[in-house]
Structure formats: structure tokens, C-alpha cells
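The first chain written gets the first letter, and so on, giving A, B and C; residue counts start at 1 in each chain.
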């Protein structure tokens, strides 16, 4: 574990320091450069010690255990058996894992842009400071606080094909029933819709924070120069929102990769594997089939993939901004 | 600052100290032996267990039993296995599905019962002779006390069948499809089907197939389970093709909705039939008293003739190696299968204890008189098959569930689906070796 | 340019959004008060109001006890995560020490690894400590929270150094500075971190399912999941929805109580969750 950490550290430190919002960049230099007094040096490690002791036990040990599992076959009940690189070989040849990765990719492709567009839309509206602003902010955030179990129990009913409330309303309005969770083409978009509905409130607030931090004189200047609303938005708002955009993209990517409870409850990964997410597949390997070694291999590969995607995204979003 | 650091330490220490959730009785302790007994989450079964536990505790002040429900359905798998891995199993559990027993045996997690006092005489007196040798494990020992089996039959709504002019429950696939033709309808004229012949949870979850593919497959194959006695794969592919073809026809023609209906569709008269066990009768009597229903064997392929076999959802009693009081646990297990306990099980949960001569028991004559549908389950019970106790069972069943899904969605023909299931199972077995 | 029509449209869009986000909950609340057969009906209002679904829930499962357990567990987890999170975040933000950057990177890395991968080893560990069926098993593995550290560190970075220097000159120790001077200035960040930890802890299902078997120790989401998905509700929709609503209520109430502060601090500082 220690060997690969420095790279993760420096790259991610920058990633998060900026991802965490505009205040990070604006932090006064003095705050970072605390007085360099050698005799104070031991206080930092001492204060951080409880956290890292805990981390060593409750994260380090399981992680090392998982790394050991990568080279073993273990069904939980009989002793582990060394298989060398067997689990990796299996991963490379596993069509279903590839399918789960594709599905997760498709989910992210729908989920992230949808999340951004919807969140930006409502953040812009809330930024107009209209009556009831506080109320609306609170309502939009409501699904975020509610448990995923509640949301899936709710949407299993709302999205039911034959008697679900959403289809009832669609038919009453003269429309057709939509095979939300039961057609291979619709199931993943439906799940992306549920996930977006559940999480978008958080991103509305993040964008709203960004919008409120944009100095009014910039808009006035744009107006004086005769810029159209679209131009103003494109040239003033969007660039200044970039740090928040990074946060939203990174967070919804990590959140999107952890898609699990929605397909687990709503579709079981079907129909025809169309909603089999990475985590759902890992879960099945671990707890349905008891392939703990293979599941650990998949899990660590998955963690690496998340890391790579997040790093690449940051590069892209930042390049876009400059 | 030092004081504050100590406080933090103290907090973590006191947290560590409050782990006295269930006090484990030590053998030397002077108090009574306490047995932990895991029962099912199902309310009727819990009621049954509560009655028996209270009775036992009153009569045995030195051996007190504490019942805990274990979760059913999707979450039971990881819970049971996690307990075995961690050695946190109870003293005994009455809800052991034979499919997981194999794992417990390999882990050394369960106690062989055949050496226990009175085991042979109990088995000889209680277990139906047709099934006697089905509970012996590969090593020749017996680790489970057969408790109950719930045969899967076809329940049907007698009123809906009559209204549609279906005179008697369909026996064969063509009769079933013909009946489905008449029953499936749009009753309120909004252009959408709102009554179906049947409905199933279509999510590709392996154990859901115990209520459609597996019982029909067992019937079509004359009782051939997926594995043979030596643990090798032995699927009757012709029978499986027949079953896939049957369901493909029903789904493609819309006689079964290609979606999962919410709520109890049978009680709401939205479907006319279902493949299910006797617990449904218990539930309906309580929750839909006006519904007229009856049970019949599951349909078989046209031209099939022979013994009607179906899937039996066996639940047996096991004593775990983690117990410090195997003898006491065994005594309580025997108490759970006494004639009185079996009668109570039948009456309160409407599930079928695995007891020979149920139908001849004079104490139950009244019960079968007033509950004729339960008679069908009692008659069927000896003609059931459970699941094979093999290591890759769930994975093989998952492969079947996936291929079945491809068949009902029309993505593959029944023959292709059976072939691709075989392909997948070969890969699974390659990985397993 | 900023005419009346666009404002009206914007207002309408806001209302439409509120309907989309809130109506499912309203529908659910009404559905729990309907007779079972009416739940999928188009009319969201019951033809006859009934508490039958709730009666069934309370008859079947001891939710009151589960509620208490959840309050204790979530309360402990949140408090400890804030206390230890502050101490750690303070060390990361305001003290210079060798390995600080690596330490922070390590915390970020822990957030990337799917919990599922760690689940079984963690479980065997907790069993090894003898913590099954106990508050310790539910609390200790989660008493440190990386998200709380991130949020608090971010906030601590923005505080003026002069404040801390002044306290140091007065001879205050670092913990004293943290809890006496920094904490009072960090209420919005503490509320934000607290709510995020609270939501996560309150809603955790898989872990309690593994470590708690004794019904008297079960948490509320665990019990509701067992009830709704595990068969206790016996495929009746009303009780399933009622149990789900009861599970949502406390967290919604907590959110409503702190909502102003929380949303405010999130919206003004742009902290992440």
C-alpha cells in the first residue's frame, strides 16, 4: 500500500483542494504556511494519530486482506487456496464484468450530463432570488437526505409497468405506458432518472454557491459591452463556475460508480443484464456465489478504474476551462 | 491538551467496553443453559415458534430457549454465511435450506445428528419412507433433521376460472395456454391488459426460479434434479427446453405480463393463477376471505404421463458446532418435531411438516375436513424434490435464471437458451476447478 | 430584458421542480393511509382514511426499540466523527508536519475503495473483537469519517492565522485552540459535516444486517429493510410504504430542524458532501 500512495496523494490533493470549492484557492497563504517551529512538529502527528490508528485497523487491515485475496480462491467456508494470477486471468476473460463496466459507463453518460443540466437549471432559477427561495432549496434537497431503501421502495411502485402511478398518469394524459424497468432499452435510463432525482439537490446547492460567488460587477460590465444573455452566460458564468463543475463531475462520477441499491432492488440487474452495475456484479460474486477472491480482485480493479477516470476527468474539465 | 487527549481515549475505551449485547453463558455458570434458536421471519412461523418456546421454557427451567428471527429472501444468504465464517451461529436453526447445508458441512459448522439419542427411531417413525435416504450427506452422515416441505402447486381463482368458462384446472401446457387465452383480458376497456393468467417476479434472481422454472422442470423431467448423486451436472435438456418454450409462448402472447406486478395480484384478482406453496392459502384466508381458490398440480408437457413431481421447499433443523450444549439443542429440536408441534405447524402456518401419515392422523381429520386445499399439499409432499447440495448450486441456478430471461424476452429460442445455459455452466465449472 | 414574463416562467419552473421532488413523498404518505386495494389508483387521495398499514407495521416489528438504537448509534457516530474529524482536520490544515500531504492523500484514497471490497475482512475483524450484536460493532468502524475531515479541513484552511497565533501567544494548547477558538467560528461547517455523517449513518443498511442478529439491537433501516424486502410485509404495499415512511421521518425531521443552517452553509461555502 505505501508504494503507490505518493502519486495518489499529490494528484488527488490538488484535485480535491480545488474540487472543494473556490475558497480553497483563495485561502490566505499564511494559513497554509503556519510558523515553522521545530518544537511544534510533533503536535500534528499526535493529533492526527487517533484517526490514522483507526484507519490502519478498519481500513488498512481489510485492504491488505483484500490484496491477499486477489491471489487466492476463498469460498468463506473452506481454507483459502493459492491461485496465483488466476483471478486476474479470469477477470480479463469475464464477459459479464465487461458488460457491467459498459453498463456503468452508459449510466454515467446519462447520469452526469443530466445531473449537471438539471442542477444548473434550478441553481440559475434559485439565484434569481424570487419569493420562497429558501423553501424551494429545502424541497430540492429532500430526496438527498432520504435513505436509498426508501427511494427504491417508492420507485418500485411509481415505475411499475402495469399499475405504477407514473404510467397511470401518462395514460390518463393520453400517452402510452413506458416500460420503465422492464425493457432492456428503458431500464438503465429509468435507473439513471431515479439516481438523478435522488442526488441532484446536492448539486443544485453547489452550483448555487458558485453563482452567488460571482461578483455582480462582472455581469454589469458584460451588459455595458452589449453582450447577449447567452454570451454573458457562456463567457462569464460558465468559466467562473468551473471549480464547482469539477466538484460536481467528480462527485457524481464517484457516486455513479457506486450504483448498487437501485438495480439491486428494482431490477436485479436485468432485463438481459442491462442494469447490471459494477458493484452489483461484485456483490453477486462475493455474496451470492461466495467467490471472495475473485470479488476482491474485481473490487480493487474497480477502485483503480475510478481513480483513473476521476484523474482524466479533471484534466479534461480543466483544459476545457482554459 | 493532555486532558482532552485522555478524554478521547476514554471515549473509545468505553465504547469498546459496551459489547455485552448477548451474554454468553459459560458452562460453569450456575444459571440455566440458554439456547439461541434461529427461526424464520415469517409472522406465522414466528407465532408458532413463540408458542413452542414458551411451552418449552415453562417445562424446562434448566434449559431456556431464546428465539431470534433471521431475515428471509435476498438478504438471508450473506447473513447465514457471515455467521458461519465468524462462528457466530446460534445453537440451532429450524430454517436450514438444504442448498446451503453443504457449505456448513464443509466448514465443519454443523453437528452430525445420526449419533444423537433416539435419532433413528425418530426418523423411522416420522419421515415418509419415500424420502428417508434423501437426507444423508455425501459422507454417509446425517446433519439435518427433516422438518417441513412446502410443495409448489398451482393455485387458481375458482371464480375467475368459472367466469372464463374454464371448467377444470389445466393439466397440460396446451390446456394451460388455452385457459390463458380465455382469462387474459382488458376488463375496464382502456386498451391495456389488466387481468392475466399468472404473473411472476421477472427479475433475474436465481431463487425466484423456484416458483416457475424449477417446479415445472421437475414435473416435466419426472423428478430429475440438476445434479446426479455423485454431484455431476445432469440437466434433462429436453424438459428444460419444454419449460422455456412454454413460458416463452405465454410471455410473448401477453398471457403473463413481462413486468413484475406490485402487491398481491392474486388477492386483488388481477391474476387467475400462480405457482406457489401452502403459505399462500394461510395468507389468503386471513387477508382475502371472500376469494374462492383451490390448488392443482403444476402443468406438464402435452403427452406427459407419469408421477406428478414438483419442487418442495425443504426447511430442516440443524444443530451448529458452535453450541456448547449439543444434547440440549437436540432435545429441543426433537421437541420442535413432536406430533403436537407438527399439528400446530400445520394449523397455524399451513405449512407441511415432513411427517408420514399426516392424512391418517385422527387429530388432524377435522383440519383437513375444513381445509381441503391443505390435503392436496399433504398428498403432494412425498412427491417432491428439493435442491442438490453441491458447491456451485447458486451459480448454476443463476446461469439458468439468466438463460430463462433471454428466452422469455425472446432474445433466444428455447433451444438456444438451454444451449447457452449449458455453455455458461461449463465455464462456471471450469473456474471452480 | 428582465421582464415580467420570464420571471413568471421561472417561478412556474421552480414550482414544477418542487412538485417533482416532493410529490413522490406526498403520494407515499397518502398511500400509507389508503386501503391496500386503492394504492395504485390514479386518485392519490384515499376514499377512506385508515391507519391499518401502520397498525400492521407496529404489530409485526418493534420499531420503537429500533428507533432508539438508531438514535444511539447515529448520535455516537456523528459526535465522534465530528470530534475526531476536527482534531484530524486541524492537524492537516493548521499544523505543519512531515507526511502531512501523504496523510491527506491517504484519506482521499480511502474514499475511492468500494466498501463492498472491505466488507468481509472488516466483518471478520469486528467478530474477532467480539462486537457482534453490540453498539461497538455498529459505531467503532464508522467513528472516523473521511468526508467530515475533508469538509472541516477545508473550512479550517480559510480561518485567519492571526487568530491562532494570538491564542498560541497566550499559551493555549492546540486542542484548546481548536475547541475554544476554532469551533465557535466553524458552526456552519460542523453542521454540514454533521448532517452528512448523520444521513450516511442513519441510512446504513448492509453493515447492521451483518453484525446484528439480536432484534433488540437492530437499527431502524435494518428492521425496515427486513420487513419490506425480507418478507415481513408479505408483499402488501401499504405496510411496506408505511415502514419506509417511518424510516424517512426522523432524518427528514433532523434535516428540517437544521435545514436553514445546513443549506445556508452548503450554499455559501460550496462545501462538498
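By our rule, a residue touches a chain if its C-beta (ideal position, glycine included) is under 8 Å from a C-beta of that chain, and two chains touch if they have at least 3 such contacts.
Since the structure is predicted, the reported quantities are computational estimates derived from the model, not experimental observations.
Q: Classify the chain contact graph as line, ring, star, complete or other.
A: Chain contacts: complete, every pair touches.
Q: Tell me, please, which chain's centre (mean of its C-alpha atoms) is farthest from the centre of subunit C?
A: It is B.
Q: As a quick test, compute the distance in whole Å between the mean CA positions of subunit A and subunit B.
A: 38
Q: How many Å are there between the centre of subunit B and the centre of subunit C, using C-alpha atoms for each centre?
A: Subunit B and subunit C have C-alpha centres separated by 36 Å.
Q: Go ahead and note the Å separation of the Cα centroids belonging to subunit A and subunit C.
A: Spacing between the chain centres: roughly 17 Å.
Q: Hey, what residues on subunit A touch two or more of the other chains?
A: Within subunit A, residues 46, 50, 76, 157, 160, 163-164 contact more than one other chain.
Q: Among the residues of subunit B, pick out those that touch two or more other chains and give their numbers.
A: 5, 8, 12, 74, 78, 85, 262-263
Q: Using the touch definition from the top, which residues of subunit C touch two or more other chains?
A: 39-40, 84, 87, 120, 124, 140, 143, 174-175, 225, 229, 237
Q: Spell out the part of subunit C that touches subunit B in their complex, as residue ranges.
A: Touch list, subunit C to subunit B: 36-37, 39-40, 60, 76, 80, 83-84, 87, 120, 123-124, 127, 129-137, 139-140, 143, 173-176, 179, 209-210, 213-215, 217, 225-226, 229-232, 234-237.
Q: In the complex of these two chains, what residues of subunit A are touching subunit B?
A: 46, 50, 75-78, 90, 156-157, 160-164, 171, 177, 179, 181-182, 184, 264, 267-273, 284, 287-290
Q: Hey, which residues of subunit B end up touching subunit A in the complex?
A: Result: residues 5, 8, 12, 74, 77-78, 81, 84-85, 103-104, 106-107, 109, 190, 192-194, 202-206, 257-263, 270, 391-392, 394-395, 398, 402, 405-406, 409, 411, 431 of subunit B touch subunit A.
Q: Within the complex, which stretch of subunit C touches subunit A?
A: Contacts found on subunit C: 1, 7, 10-11, 13-14, 17-18, 20-22, 24-25, 27-28, 31, 39-42, 44, 84-85, 87-88, 90-114, 116-122, 124-125, 140-141, 143-144, 149-150, 154, 157-161, 164-165, 174-175, 195, 199, 202-203, 205, 221, 224-225, 228-229, 237, 240-241, 244-245, 247-248, 251-252, 255-256, 259-260, 263, 266-273.
Q: Considering only the defined contacts, which subunit A positions touch subunit C in the complex?
A: 5-6, 8-10, 12-13, 15-16, 19-24, 26-28, 30-36, 40-48, 50-52, 54-55, 57-59, 61-63, 65-66, 76, 121-122, 125-126, 128, 130-132, 134-150, 153-155, 157-158, 160, 163-165, 168-169, 172, 197, 201-202, 205-206, 208-210, 212-213, 229, 243-244, 247, 251, 254, 257-258, 260, 265, 279, 282-283, 286, 292, 295-296, 299-300, 302-303, 306-307, 310
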